[in-house]
Amino acid sequence: MGILGVLLVIPSFLLLFVTVVVPIVVSFKESLSNKEGGYDLSNYKFLFTDKLMRANIIFSLEVTVVSVVIVLIVSYALAAYMRFNDGKIVKWIRNMYMIPIFIPSVIATYGLIQLLGNHGWVSRWVLLLGGGDIPRMIFDMKGIIIANLWFNIPFTTMLLGSALSGVPNAVIESAKDVGAGKLRMFTQFILPLTYKTLLVAVTFVFMGVIGSFTAPFLLGPNAPQMLGVSMEQIFGVFQEKQQASALAFFTFLLCSFMGYFYIRSMVKEEGARS
Amino acid sequence: MDIQLSVQQLSKRYHTGEGVTGISLDVRKGELVTLLGPSGCGKTTVLRSIGGFLDPDSGEILIEGASVLKSPPEKRPTSMVFQGYNLWPHMTVFENLAFGLKIRKMKKADIQKAVKDVLDLVRLPGSENKHPGQLSGGQQQRIALARSLLLKPAVLLLDEPFSALDAKLRHEMREELREIQAETGLTMVFVTHDQEDKAWPKASGRSISATSATISINAGKAT
Amino acid sequence: MRWYLKALGTRKIIEFIVLVIFVIFFLGPLLNLAILAFTGKWNYPDVLPHQWSMKWWTFVFKQEDIPQSIGLSFMIAAIVTGLSILICIPAAYAFARIRFPLSRFFLFSFLLTHAFPKMGLYVSIAVLFYKLGLMNTLLGVVLIHMINVLMFMTWIPTAAFRNVHKAQEESARDVGAGPFRVFLKITLPMALPGIIVASIFTFLNSLDEAQGTFLVGIPNYKTMPIVMYSIISDYPAYAGAVFSIILTAPTIILLLAAKRFVSADVMSSGFQLK
């Protein structure tokens, strides 16, 4: 029986191995190669010493952290709203909030540019309603964050919504009965009970944002850059394969960090149960 | 009277240390035997071994005199009613009931008649086109029972089939089961943790009580 | 007016404002693109075009590579979906039902497809594909698309299979069905909603894939997203909007057709496997 299991998994794992594991290993090897053909950490040193690269790394981390935090807050709020309310409006939202997950990222980014640009649709409406010029929202850090929110809130709301529906009504009601206010209810009941899913969400948003390319490329500032854009530039424009690999592997390490916690929390529950 | 089911020195140990050791039991044709005991005492282990869902470490299981130890569940002359999740939600009641008969290549007309008859037997006539989701818990278990009855098994196994129902319903279902057993003459093994299930009306059923975590008694004909 | 607002209560007003922001934020870009696509003449600072027209549609379809790219994208998406079903569903069943050595390891290894930044991955893959002669081939492009979907097509169906209660498979065995018949008649139909959701996701994901295809597929294999990038830079917003609608239409159609299956619980349980 065990052998059958392994056999069934082999095709997909083999594909994974060839298309992902091997390139990662190759990338690691490349990142350690220096210009003379030997091996050292010169590429990594460059990452952390070059002023521009350092700025890119810090910028990317800032954007990622800010995006993750805002996404979590908004998604929790939205998920809680859908869980504890009813009515026509709520029904509408429930039916529509998942749509952005399925919209191609190029389209969405393009749409955001048209919507929020200087002469975009929002600015025209604001003018119509008597406001002045709107502040610049895209082509800088704010634009990337806005795009990240657009892409990640629906998915995270979906995850958290599912987790919230797993919190029994009885728990909420007995908390209310004892006199817990909204904030206490959240921090002492909802959060601990949905903590697992929170970790899943954080992991996926983090991974999705830190290496992203499309949105930063189309509506990010020219400098500093997100790591995905920087990678493309180093490889495509400057033709520096090794530096690009070092940057890629560094980003991978950051993600692995998150992935490790994710896997550990998933597996821990299994151990506690049996 | 012949022995329909003979379990001999059945042993099965799990990694956790739980399990059964040296269980023996003989069930005569047409008997209803109750395996009664607290959770974890191994009664479900015995039942699942008989049904073919568990491979015992040692021992023998004979049904109508022949060993079934090496047969997979689909080839054993047993039929089991589980505690829950018996019916397939994506099929109608009719399809649920006909599934086993279709496998046995019964003719369409015969299947229809058999299904109608068994639905009458469990007092749910006319429910062929309903989906399990439209039935109550008690009704679902009756359909599950009907499905097992259709196959005219040598031994009918019931794994706490009524424990998810309320007390009154449990009592009713027990009475119904007793009547069905009297009518059909099927041999049944009934597993439960409910003390009340010991009191089957009409004492042609025997009970074997298990009171310790590991059953190591040679049960035989105890009461 | 003021008494009306007061009567509603501040809570409702806040709810309404939040809802409006929500709708503007998520649907605004798409709505804007829809309007742009049918614009004849639209001047700043008007809020709506003062002339509607289909002229940009004829323009877009007259461009050489566009109709071809549409056909190509759909064909590749179909191949990728079919292939991933073939390879991943058996693996999903194994993960759900069979205990075999290293199953956890294999299961979580699929996270790698998202942990490594895509840009970096494609860079290394480009090198690998050069060596294997897979550059500018259909197989190469298909493989690149497969990377993105491996995780979804394995995890979500695994959760779907796990949701089929063991008792239902056992009762099928009990009434005489052999293992294969049980899979075909019981397990698969009951897991189908999850599998369909994953497949839709895969199909749409493949339609959306741009970066890797760009690296591996040019010059012969120009899919819709690649054409989109050049449209964005070379043509006015109206053409981009038209193309966006063409690229997004399959999403909407598929989602509407499969509305029954796409539920939050089905998808999110796929990401919380243990």
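Here the chain labels run A, B and C in written order, and each chain numbers its own residues starting at 1.
Following the convention adopted for this analysis, contacts are C-beta pairs under 8 Å (C-beta built on N, C-alpha and C of every residue); 3 or more make two chains touch, one makes a residue touch a chain.
Keep in mind the model is a prediction, meaning the values are calculated, not measured.
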Chain pair bearing the highest count of C-beta contacts: A-C
Identity of the most central chain, Cα criterion: C
Between chain B and chain C, centroid-to-centroid distance (C-alpha), Å: 47
Length of the line joining the C-alpha centres of chain A and chain C, rounded to whole Å: 16
Whole-Å gap separating chain A and chain B, where each centre is the average of the chain's CA atoms: 52
Residues of chain A touching chain C in the complex: 1-6, 8-9, 11-13, 15-16, 18-24, 26-27, 30, 78, 89, 93, 96-100, 102-108, 110-112, 114-115, 119-125, 127-128, 149-150, 154, 158-159, 161-163, 165, 196-197, 200, 204, 207-208, 210-211, 213-214, 218, 227-228, 231-232, 235, 241, 244-245, 247-249, 251-252, 255-256, 259, 262-263, 266-267, 269-270
Touch list for chain B against partner chain C, complex: 51-53, 72-75, 78-80, 82-90, 99-100, 103-104, 144, 147-148, 151
Residues of chain C touching chain B in the complex: 165-168, 170-178, 181, 185-186, 189-190
Chain A-facing residues of chain C, complex: 15, 19, 22, 24-30, 32-33, 35-36, 44-47, 87-88, 90-91, 93-95, 98-104, 106, 108-121, 123-125, 127-128, 143-144, 146-147, 150, 154, 200-201, 204, 207-208, 210-211, 225, 228-229, 232, 237, 240-241, 244, 247-248, 251, 255, 262, 264-265, 267-269, 271-274
